[in-house]
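What follows is a pair of complexes built around chain A, which joins chain B in one and chain C in the other.
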Partner chain A sequence: MSRAARYRLAVVAGAILLLELLCRIGVIDHLTMQPPSEMARDLFRILISGSMNAAMLKTLTNVTIAFVTSVVVGVGFGVLIHGRRAIRQGLEPLFATYYAIPVYAFYPLLIILFGLGDVPQIMIGFMLAVVAVIVNTLSGLDRVSRVLMKTARVYRLGPIATALKITLPSAAPYLLTGVKLAVAYAFIGVIGAEFIMSQTGLGYEISFAYNNFDNAIMYPLIVLIIVISTAVNMTFSHWEKVLMQRRGQR
Partner chain B sequence: MPAAQVSLHEVTRVYPATAMGRTVHALGPVTLELRQGEFFAVVGPSGCGKSTLLDLIAGLAPASEGSVQFEGQPVAGQVPDGVGVVFQEDACFPWLTVSDNIAFGLRQIGTESTELQRRLRHALALMGLEDFAGAYPAQLSGGMRQRVCIARTLVLQPRLILLDEPFGALDQQTRLLMGDELLRLWRDTGATVMLITHALDEATMLADRIGVMSARPGRILDIVETGWPRERDSRIVADPAFGEVTGRLWQLLRGESLKALGKAAPAA
Partner chain C sequence: MTMRSWSGTLNALVLVGVLLIAWQALFEVAGEHAMAPPVETFRYLGQLLATNAFWGHLMETGQAFLAALALAVVLGLAIGFVLGLHRFSSEVAEPILVALYSVPKITLYPIVLLAFGLGMPAKIAFGTIHGIVPVAIFTMSAVGNIKPVLLKTARVLKLKPWKVVTSVLFPAALPEIFTGLRVGFSLTLIGTLLGEMFGSQRGLGYLLMTAIGLQNIKVIMAVTLLVVLFAAAVSILLIYIDRRLHRRAT
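This part shows the complex of A and B:
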């Protein structure tokens, strides 16, 4: 383990220990927060009992759908408009200001259109994630060297083969940046929407537990979400690192 | 006299005016024939359109006027079958291993697996890359990466190999040795080679004939025959005739290079 990784681990472990201490000596009272050790214990109980399996499955399925569609649509759209100057110049200012729009403002509208099911929640996750993927795809494609594009022509690759075999692999590290953001945004979008209004899912269960002062469910579920999204993010970061090392960067 | 493999007739290349500036007359008119199996070098002052000339022959850029033919067929829109190109810049695919880089073109044309392995092994051995088959380009030196690009071109057994300053980024000693390898490959494959270079000694050492280009818009000022035997290597630099040929090239180029600099000076 590198020195930086050890420091990182120490900071996280220290924060958890401090929280444990503050809860144990009563600085944070028990009605406000469980000590982290109890969160872990209750999370273990919840996972063993299987009481949250349906909620987890539903949320993770929706996050996955939002994530995959945003990556496919985002990369595809990026490839399509890259090199079309007029379209890009028209759209890029919109991408730049896109995240100034609170996407959740559209949630009521989406519920009116699609009903109180999975679709509006997935759409919120998709809408949050897709632009990050497009922007990073474009920035990756901009950095593909001209000589590689010439090489694609020497091998007489068509536009689709060029994208799949030359430009996208070449831009892969930048695409992964977009993909990592898409994971985070898909989680935020779906779980946030479940918080606001839904009938199932981890976000809904957390909000339900909150309304019932049920800390023994609320905190473990928060921990669960943090663990899952961090694990997914770390997996992609690891791939990114492998890719960069192969290319002699970092 | 051997048949012409490539023929250019009154070829020009004009870059159309953009919103930013005027039209640029980059090249020509050029009339030139490359003979089957010869080693032809092109030298010229910087910015004279040497690389443009290569792009036209490779089908990477269209001629504004005139005609380009490869083996009797007009070159239009795409790189003709049987033509390989090696660029000055590092064109290795950094996400593929040395083996996968070299096999890229073979996979592209759907070469059958045992034949692919056979040709891959041959190319690795030919370029001295056996020990690096599983390495990624980033682990190799610049000279080794350029070998990968040359191997990647050679496995496709091109009949015409176009080299755009392939050793431009390498140090002098590596260049001499790569020159020897290039001569050996040229003899072994029987392909026609056209080498673009700014180094007069490199052109003299390697080529049968050397096309000397004028300052932009580049035209062929003269073609110098070196008269070297087919069996030759870098030791030819010690031959008295080597200095004579190189001197003659410089005589032809000196005025043109000054012109190129003179034109560049006010803009700088």
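This part shows the complex of A and C:
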């Protein structure tokens, strides 16, 4: 473990201990927040009892669907429009302003169009994630070296073989940045939509517990979501680092 | 206007045209009970903007948003500068900030409400926690990337610490900081609206939430349109300033 990582661990542990202390001496009263140790204990109990397994499965399934479709559609669309200058220039203002638009504002509309099932939540996750994938795919493809493309032509590779064997692997670091953002956005989109209005999933369970002042369920679930999204995020960051090192960059 | 910005404007106009046509087409497919067509939505938005009640909601949201944005920018800049000036602490903090960025912050909403109660402070706090992280991340990396020669010059000239920040660090890091402010702007807007959707009796988010309950499609579409127009307009302005700053810097 590097020195920075040890310090980081100490900072996080210190913050949790401080929160524990503030709760224990009563600066934060018990009705507002229970101490982290109790949250951990309750989370453990919930996981053992399996009462949230269905909700977890639902959320993770929807996140996975939103994530996979956004990566497939995003990379596919990026490869498709990469060479077409007119379309790219036309779409540029959309890409540039896209993340300023609150995607959740479309959620009510999606509920009316598709009903209150899984589709609107997956759509929100997909809509948040897909543009990040497209933008990063395009900037990755822009940086594929000309020599590699010439090599592909010398070997007379078809467009699909060129994409699979040359351009996509060579653009991999950028693609991975897009993929990393897509995971985060798929989580944010799906869980946010569940929280706003839905009938299942972790986001729904949190808002349900909140409406019933059930802190013993609400806080452990919030902790669970933070742990899951941080773990996934760290896994992808690690993967990215390994990939970069293998290429001798950084 | 130069040739380039003309073609940019043309692109944007074509894009807006295509989006409006797509909207109309979607309306033809989805039908009257699911959504409203563009012309009618614009007209209805005009009607809403002529009523005092709507302006009350609009001002409420505007105030909450501006306060949240001011807090997010000031605190984000402060965190970014403090961490960015010290290489090791930025190394320690960066992954923590990135992890915070990818946490679905909507799940933290119950905590904010319990801490601040219903009303204005909770909205502002919720907008701020959305906007503060990107501002801090971009500022930190901007300050960290400042050429050492500039800092050495400041030391040779024996500038006071505050003077170093205002006349060396801030101007040098401004282009990159501004990109962070752009991201911070849109996330703060999302956060404020989300805050209003749950713990509030006033504001655009509250209007959206009640309209979902009543299945009032015209209100949903008109409010969504207004938010999207506002976000896109400000974002275009910020992108314009952003590009000018970057061009001047190189």
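The criterion applied here is as follows: the second predicted complex is superposed on the first by the 250 of 250 C-alpha atoms of A that agree within 3 Å, B and C clash if a C-alpha of one lies under 4 Å from a C-alpha of the other, contacts with A are read in each partner's own complex, and residues count from 1 in each chain.
Here, a contact is a pair of C-beta atoms (placed from the backbone, for glycine too) under 8 Å apart; a residue touches a chain by one contact, two chains touch by 3 or more.
Nothing here was measured: the structure is a model prediction, and the numbers come from that model.
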{"item": "Superposition on chain A - do chain B and chain C clash or fit", "value": "fit"}
{"item": "Residue contacts with chain A in the superposition, chain B compared against chain C", "value": "C"}
{"item": "Contacts of A:239 with chain B and chain C, given as first, second, both or neither", "value": "neither"}
{"item": "Partner chain in contact with A:104 - chain B first, chain C second, else both or neither", "value": "second"}
{"item": "First, second, both or neither for A:191, with chain B first and chain C second", "value": "second"}
{"item": "For chain A as apex, the angle formed with chain B and chain C - C-alpha centres, to the nearest 10 degrees", "value": "100"}
{"item": "Touching partner for A:155 - first (chain B), second (chain C), both, neither", "value": "first"}
{"item": "Chain B versus chain C as contact partner of A:169, first or second or both or neither", "value": "first"}
{"item": "Partner chain in contact with A:95 - chain B first, chain C second, else both or neither", "value": "neither"}
{"item": "Which of chain B and chain C A:147 touches, first, second, both or neither", "value": "first"}
{"item": "After superposition on chain A, the shortest CA separation from chain B to chain C (Å)", "value": "12"}
{"item": "Shared contact residues on chain A - chain B and chain C", "value": "none"}
{"item": "Complex contacts: residues of chain C adjacent to chain A", "value": "7-8, 11-12, 14-15, 18, 30, 33-35, 88, 91-93, 95-96, 98-99, 101-111, 113-115, 182-183, 185-186, 189-190, 193-194, 197, 208, 211-212, 215, 217, 220-221, 223-224, 227-228, 231-232, 234-236, 239"}
{"item": "Complex interface listing, chain A residues touching chain B", "value": "145-148, 150-151, 153-157, 166, 169-170, 172, 243, 246-249"}
{"item": "Chain B residues touching chain A - in the complex, by the definition given at the top", "value": "58, 60, 78-79, 83-85, 87, 89-91, 93-96, 104-105, 108, 136, 138-139"}
{"item": "Complex contacts: residues of chain A adjacent to chain C", "value": "3-4, 7-8, 11-12, 31-33, 89-94, 96-97, 99-102, 104-106, 108-109, 111-113, 183-184, 187-188, 191-192, 195-197, 203, 206-207, 210, 218, 221-222, 225-226, 229-230, 233-234, 237"}
